[in-house]
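After this come two complexes, each holding chain A, first together with chain B and then together with chain C.
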Partner chain A sequence: MDKRRQVVGKLKFTSRLALVILLVVILFGLGADLFAFHSPQLPSGPALEGPSRVHWLGTDDLGIDLWAQICQGARISILVGFGVAVLAGIGGGLIGMLAGYYGGCIDRLVMRTIDLMLVLPDLLLMIVLGAFFGPSISNIIIVLSLLSWAAPARIVRSRLISLKQEQRVTAAYSYGAGFWHLTRYHFLPELLPLLMVSNIKLVGKTIVAEASLSFLGLGDPTAKSWGIILNHAINFSGIYFTPYWRWWVLSPLVALTVLIAAIAVLSRDIEKIINTKI
Partner chain B sequence: MEETILRVKNLTVIYHGGKEPAVHQVNFALKRGSSLGLIGESGSGKTSIGLAIMGLLTKTATIEGAVYYQGTELGSLSVKERSSFYWRKIAMVFQNSLETLNPVLTVGEQIEECLRRHTTLTRVESKEKVKELLIKVGFDPARGLCYPHQLSGGMRQRVLTAMALSCDPDVLIIDEPTTALDAGAKNEMIQLLAGLHRERKFALVVISHELPVIANLTSRIMVMYKGKIVEEGKTKDVLKAPQHTYTRGLINSSPALNPYRDLWGIPGAREEATTDGCNFFPRCSQRLESCKNIPPRLEDVFMERKVACHRGGIVTLLQGKGISKSYRFKGKTIMACVDCEIAIRAGEVVALIGESGSGKTTLAEIISGVLAPDAGEVFFERERVSGHNASARKNGLQIVFQDPFSALNEHFTVEQAVREPLEILKLGTLVERKALVKQMLKELQLPGEDEDFLMRRCYTLSGGQRQRVALARSLVLEPQLLVADEISSMLDPSTQANMIRMLKGLQNTKGFAMLFITHDLMLARKIADTIYVMRQGRIIQQGPVSGAFSYLTVRDGSRDTLIEK
Partner chain C sequence: MSQGLSRKIIEYALTFLVIVSMNFFLPRLMPGDPFTFLSTEEGSITIIYTKEQIDRYKAYYGLDQPLLRQYVTYLARLGRGDLGYSIYFNETVGRIILNRIPWTLTISIIALVLGGLGGTLLGSLSAWRRNESMDQGLYLIMIVCSEIPTFLVGVFLLFFVAARLRWFPLAGGITPFANFKTGFARFNDLAAHAFLPIMTLSVTRLADFYLLARNTIINVLTKDFMRTAQAKGLRKRRLLFRHALKNALAPVVTRAFLSLSTVFNGAILVENVFNYPGVGRLLREAVIVRDYPLIQGVFLFMTVTVLIMNLLAEVVYKQLDPRVN
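What follows is the complex of A and B.
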């Protein structure tokens, strides 16, 4: 608890702002139904309306409230972003730990697989896998996780190898400590901050990736993610004939940009704090 | 010349009113011209043997066993018959003190009295003989008219010797010939006795707790503890390589044999000795539970050496055979250890010295099982060391590292750090663990009772404190062997001095063996029993601390640079 307060205390103004933005997005995402006032699925007014007191961000071609859609989209972005970060972070972290701890054959196998993962073009693979598995939120999370475990695994492995050389670990080993004791008391306290930084970065990357997939039409069409909103907006053939199109395109774009920027600023600052010993 | 003139068989002396025998089942035989040293702490029964042979304990003690003089059993003779043997055949120089001589007779008169009682010399002849004897022992005959209190300690010792030699005995027993003498007088006395022994060819028994005296005067030695002989052998061999922990303790306590080393006596008893078991059990550093109940017998361990120990003398705790290790580095092969042989005996401090990069740490890590050797084997208590099998247990082997900053998890509290091995090995309950941690910290002179200190995180401690916490963590498992890898090199001189003294003190009381790795020769010389010198991965020299150092300074010039460092 103390430590967390220390970290927050050391944040710069910009990253505090970023933290607030992130929290607000999470809040809106989780409480989408509370804050939206209108349904994100059903029409609630005339089509293609500009911002007004009733519809804060206007409506789309079917007269569905855009603010409600953005809130709904926040929920999906957060779900996908953090879902992948947790899955890829834990999975990748564990794989990295095993590779670093046991070394030898396992290590070589894991490292070559990671090389392969890093070499493969992400987006292309994502499109292929997305199309292959079919569009649904859980599939997107799984596909994105499969593509992003390599980075945390590499980071964890390299730190673990250097930790293993430390004499306190040698000492603990000489008392008979096994993998679990070492992990619990010696590795995790050192690895978690590293994983945290890498995971926050991953959240940003994943949100963009999900938006890209959805934009390309490979997202879950039933889920109103920001990418899907954009996709709908661009694909609406009459969009350029109305002056309202900019509201329709702008709102998901701004939401996406602000969230990614906030995450990027925050991760950079946290990384700086964690890198110097507290 | 070769016949046995004095034989002591199963001699047991129990003083009236005493429960424990002062001398228990002692056997030895002396030939003409031979010599025997008896050593042991005060109260070990050395003098009682001498007095019993002289038949002076018949009234104050029960004596069992027999003393033979050339086949005649002295105990079976009548008092009158027996008295013809004493002084004429067997004489004793009593421990020097004012009380030994009659204060109202001059020294000349006392020697003359002895002559007149035991020989048939006339008054004139005996006066001549007294003069002759006094000259022989280096005493100015003119001072024969002095009273004992007018003489110095050295002179009285000479008078006592002259008295014992007066009747030309075949066996001479000397009790503490040099105590209370200054260095010069001591040397003269030793010279004198050695000269007389060579000249007269009597059988000599020297009783002393001063090892140099025994070393100079005798060829065989017996070590006594609480009335029992615990070790017997050739004087030179025994002093060089003692086989009983007690003998080693005596030798380590002798400043004359350890001119540079700090002195550490044998630690006192930790518990009462049982009547059945080994006498030395409470103070022994390699005891087993069985030593408590079964008395050890004096048995041959190898040629010319007998030891009374269930474990056959000091055991070899760790044996490294043919250890080799090389590192590949950018296409080059660096030989860190080449065919290293090392042996560490129980309760012994072995220093491994060498320059930086000579392979000391590699060897230490191989010995402790942290690193696997390319070739060779390490045995700890006859069990092969691989991985953590020797260190992941109580009473095993523990290693302490050079860098106290990396050796402790900085996020641990002090208590957590010291408790870690107990937790890993699941030893004791939570309460017991905490008590043990506290006690260990106190022994290492850290405030173990202070809860605030126990809760402090390791990163708030100084280097010296951290190293002590690291030591506490290793010692909490009560190791038999502690491998200390340059543990003091990162500390300032004062902290280093405190730490080393504390560690050596703990080593002495707890009796564990230690492999002390250092590049500091002077330090090694202060605390080690044996040293190994390493250079470029090879052990180039090994031996007892004094011997190895003379080699270093005289024979090999390059080693001097090491000393300079």
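What follows is the complex of A and C.
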């Protein structure tokens, strides 16, 4: 807890702002029903109405409140982003630890797979897998986790290999400490900060990936994510030549840009702070 | 060196086999019966076939044979360059993809070159003036640019440059039904259509190369030979371009090859934003009409191209940096 406070204390002004933005988005996402007074699924006013006191961000072509949709979209972005970060972090971390700890044949196999995963275009794989297995939100989270465990696994593996050579670890090993004991008392405290940094980046990448997929109209059609709102708006014929884009296109666009920029700035800064400690 | 290279090639061949096998098993792992999928549209009335008819069709598609034999047949057909037949477009998958490849490759390569050169140049300037306000501002902008999804940049340009200012056409790769009098007019039209997609793709590339070049050159600038060069009283320009940039070139050039997979990701999005007739839009069309052989064909084309470029990257890196061996 103390360490975390130290990290926050060292943040630059821009990163503090980014942290606040991230927290606000999480708050709005989780409390979507509290902060939005209209349904994100049902029409609640005239179609294509501009921002007003009733509809803060206006309405779309079906008269559905955009502010409610943006809040709902924040929830989906947060769900996908953090869901994948947790799954891929745990999975990738475990695989990296096993590969680094046991070495040999397992290690070589894992490294080859990691190389393959890092090479493939992830959006392409997502589209193809989505086409074959159906693009529901849970499928998207699973597919994205399968695609993104490689980066944390590689980081954890290389750190673990150097940790294994430290004297306190070899000493513990010579006293008969097993894998789990070493993990609990020697590896995890060192590896967790590393994993955290790589996973903040992962959150950003994942949110972009989900938004891209639903922007193409190939995501989960029932989940109102920011990408889907944009997709609907862009496909509305003549949107370029009407004033509707001012609220309908701009609001998801700005929301996505701000969130991603915040995560990018924050992760760069945290990375710098934690890297200097190693 | 040659031993290392042949080992690399074997590794890549294995990777290739994994991808091909994935391509083979994907439709077979799909939930549901392939036969129902082939014979009925989703949402329409399911036509009931007799056992004999089902068997006949299964034999026709070769689905009654053991999995291993299907796999071998598949590999043999792939070896002959036969990617299957697209029911929707009524043409062989290979030919459809071949028609679309030039569009995608043109915008990808031009964007890569533009972004690579511009990013490296800006990055070296930024590294040279490190911690000055220009560097700090540029750095923050580029961090954000490198993370912003390509399609957002695309939508932004589409709205403000194409729709509001009307400087460029809104969509497509060439004006439909146009009769160009000269080759130059045709080229002009093609360039006008390709301009915005290329710009969109370049922005993320630019930021990526900027960050890489800045980091590498800051690293090079701390080296002893730089201090020697400075002590010799060389001009700033010579210092930066001959001494620093040349030594930072290896990672930058390698990145150019390696970033093809990111460029393809971007191209899928950009082509759909601008309705550009490349492979990326083809992929989306194929998914929407559920043309599975076509999806697999595009998948195979993109992954194999990326793999080849990665192999090239490793070869080039060894040539540029003799220390790696």
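Keep in mind that, in the parts below, the second predicted complex is superposed on the first by the 274 of 278 C-alpha atoms of A that agree within 3 Å, B and C clash if a C-alpha of one lies under 4 Å from a C-alpha of the other, contacts with A are read in each partner's own complex, and residues count from 1 in each chain.
Keep this in mind: a contact is a pair of C-beta atoms (placed from the backbone, for glycine too) under 8 Å apart; a residue touches a chain by one contact, two chains touch by 3 or more.
Here the structure is a predicted model, which means the values were calculated and not measured.
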Fit or clash - chain C, chain B, common chain A: fit
First (chain B), second (chain C), both or neither touched by A:W56: neither
Most chain A residues touched (candidates chain B, chain C): C
Which superposed partner A:F132 touches (first chain B, second chain C, both, neither): second
Partner chain in contact with A:F35 - chain B first, chain C second, else both or neither: neither
Which superposed partner A:H181 touches (first chain B, second chain C, both, neither): first
Partner chain in contact with A:R112 - chain B first, chain C second, else both or neither: second
Touching partner for A:A171 - first (chain B), second (chain C), both, neither: first
Shortest span in Å between Cα atoms of chain B and of chain C, once chain A is used as the common reference: 10
Chain C - residues contacting chain A, complex: 11, 14-15, 18-19, 26-27, 29-31, 140, 143-144, 146-152, 155-156, 158-159, 162-164, 170, 261-262, 264-265, 268-269, 272-273, 283-284, 286-288, 290, 292, 295-296, 298-299, 302-303, 306-307, 310
Chain A - residues contacting chain B, complex: 166-168, 170-177, 181, 185-186, 189
Residues on chain B engaged by chain A in the complex (per definition of touch): 368-370, 388, 391-393, 398-399, 401, 403, 406-409, 411-412, 420-421, 423-425, 470, 473-474, 477
Residue ranges of chain A touching chain C (in the complex, touch as defined): 14, 112, 115-116, 119-125, 127-134, 204, 208, 211-212, 215-218, 230, 234, 240-241, 245, 249, 253, 256-257, 260-261, 263-265, 268
